[in-house]
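Each of the next two complexes has chain A plus one more chain, namely chain B in the first and chain C in the second.
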Partner chain A sequence: MADEFDVEYIRGDDREARILVRGLTPAFANGLRRAMIADVPTLSIDTLRVVENSSVMFDEMIGLRLGLVPLTTPDDFEYGDTVTLSLDVEGPDTAYSGDLESSDPDVNPADEDVPIIQLNENPSGENQRIELEAEAVLDDGKSHAKQSGGVAVGYRHLRKVSVVGDRGEFDEEETNILRGVIETEDGELVPTDEFDHDLTERYPGKELEVEDVPGAFVFHVETDGSMTVEELVLRGIDSIESRADELQEKVAV
Partner chain B sequence: MELRVIEKTEEELRIEVAGEGHTFMNVLKGTLLENDDVAAATYDVNPEQSGGQTEPILSITTEGGADPLDVLEDAAGDVSRKTDELRSAFKAASA
Partner chain C sequence: MMIPVRCFSCGKVIGEHWEEFEDRARDGDEDPAAVLDDLGVDRHCCRRMMVSHRDLVDVVSPYQ
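Let's turn to the complex of A and B:
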């Protein structure tokens, strides 16, 4: 049962990456995926104190929109901890997520350019205005999707493609679509978008064999900006480990 | 995580693991099945809306005289060891 894990970043940046992990069991891969989606907590706005809202939207709609703004989440927060942010914009102007002012320098909107609402001048002459204080709370994706740090997290098997011969002379050339990452015969890892997801583009006129590589999973991880991909994966692993440790401790008693 | 033993014999254990879901239970079950002393391991969860027993129940049957509680403790340790190794593998890859 000696596990040899091997991790390789195929491509990616802070927000989105493809990561090859070897040596995982399917149960473990899925546990990690689920943990990244639902168990890694992030900060999201949850309650508002509205001072003034003369915009065309109800307070509740503004609240929903603010809740969906991803906030950067440092790792020293506990469940239920809150951070206050304020918003004060007067029309004619558009209120953006970047207009939110945070009381904590480490907690800020991950993107500055999420439109919250457009504020105009009313026919009577006064400008629409929005002024509010918002409480962001740390919680996980099980309670609300806005608290989920991973927006697109999934995995596919790594697939090995080998050339077994030439395509029959009179066979029809059919597209051979495959998505994910392939391993070639010389062990090279190639994301399928490099050849338009069509194996006949890469191996024209060849007969191919495609098979799953056991225990090798290519994770696609995309975050909403609350944390980097690496942070998200590590916190997902932490989440499983903390539960395993807790179980071990409780069984031992 | 609250544990409640429902049934325990020398080679069988049924235990409720309150507060957990598929995420952890399936990892745990998968790890239990890697142990040669485990004859069978499974868990059952019912959806929240179904009423009644909605917390997961883990069932373990051992063979060769192993105590199921010890086996469970070992499995939890194994999961923890794996996450530890996985973490270092990730850190090594991104460094």
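Let's turn to the complex of A and C:
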């Protein structure tokens, strides 16, 4: 494996990006993918103390919904650390994730507009109300999917597309679907959605050759908002590094 | 009952887009596919969460 990796951002924002990495082995690429899904810890609500819940949902259902709301996770937390959040909403109204009040200014719901529960008026004329305290805990994706910072993280080989000639005059034009990112003969990187994932749109009437570029992987990284894409990738790498160091230390003579 | 917070299959947070989807595609007259594209709900696993959802809170609340 190469000592240095060549990393290139193809397209992306804070929540979603395509990143090209050259010089990886398939095993390491998969290791990085798995680290981003299961080994980068995030904060998620795990326990509730319910003061009042007269909504149409059971406490447990509210707890599940709150757990799935992503919380911004700074990197100075240790496994098992907790943050307390509170929710107090009276109907007729809808309780949103943005109504959660956090005891830590760095830990907040990443999305403010996720509806938790709609509160109406009871048949007896009272307003439904929800009041609770929630405990968010730092843990990783191995314990529960809600603790995973990565959403649909995956990779594909970078494919090189070269024109080898013209299509035969009487050959049928068939669609040539390819998804991911291609490298053209001039070394240009083109995401396939620019030509509707169909190579015949980009190279009409040409005969093409498509081959994998060895050791080049295009990662598609999307986060739930608990951290930026960059942060997720870096923390994934840190996690691999710290485990490799630990192994080295343990087997050292 | 309420729109699920996340997509069952991939885990993307989709709950935040429900109210806009409901206003524009269910109650409004826009094309649901175009609204979902506009909201950034691209994968078909996430799209079925929105398309197949039915809010039941108002139906259930008289039976508290």
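We take it that the second predicted complex is superposed on the first by the 250 of 253 C-alpha atoms of A that agree within 3 Å, B and C clash if a C-alpha of one lies under 4 Å from a C-alpha of the other, contacts with A are read in each partner's own complex, and residues count from 1 in each chain.
We take it that a residue touches a chain if its C-beta (ideal position, glycine included) is under 8 Å from a C-beta of that chain, and two chains touch if they have at least 3 such contacts.
Just so you know, these numbers come straight off a predicted model, no measurement behind them.
**Q** Is A:V213 touching anything from chain B or chain C once the two structures are fitted on A? First, second, both or neither.
**A** In the superposition, A:V213 touches no partner, neither chain B nor chain C.
**Q** Using the touch definition from the top, say if A:S148 reaches chain B (first), chain C (second), both or neither.
**A** second
**Q** Which of the two partners, first being chain B and second being chain C, lies in contact with A:L68: first, second, both, or neither?
**A** second
**Q** Is A:I117 in contact with chain B, with chain C, with both, or with neither (first, second, both, neither)?
**A** In the superposition, A:I117 contacts chain C only.
**Q** If you stack the two complexes on chain A, which partner ends up touching A:A27: first (chain B), second (chain C), both, or neither?
**A** first
**Q** Contact-wise, after the overlay, does A:A38 reach chain B, chain C, both or neither (first, second, both, neither)?
**A** A:A38: touches chain B, not chain C.
**Q** Quick check for you: in the superposed arrangement, does A:L189 touch first (chain B), second (chain C), both or neither?
**A** neither
**Q** Within their complex, state which residues of chain B touch chain A.
**A** On the chain B side, the touching residues are 1, 3, 17, 20, 22-24, 26-31, 34, 69, 72-73, 76-80, 82-87, 89-94.
**Q** If you look only at chain C, which of its residues touch chain A in the complex?
**A** For chain C paired with chain A, touching residues are 1-6, 10-13, 15-16, 18-19, 43, 55, 57-58, 60-62, 64.
**Q** Which stretch or stretches of chain A touch chain B in the complex?
**A** It is residues 1, 3, 5-9, 19, 21, 24-28, 30-32, 34-35, 38-39, 230, 233-234, 237-238, 240-241, 243-248, 250-252 of chain A that touch chain B.
**Q** Report the residues of chain A in contact with chain C in the complex, numbered from low to high.
**A** Touch list, chain A to chain C: 54, 56-57, 61, 65, 68-70, 97, 110-118, 120, 122-123, 128, 145, 148, 151-152, 222, 224-225.
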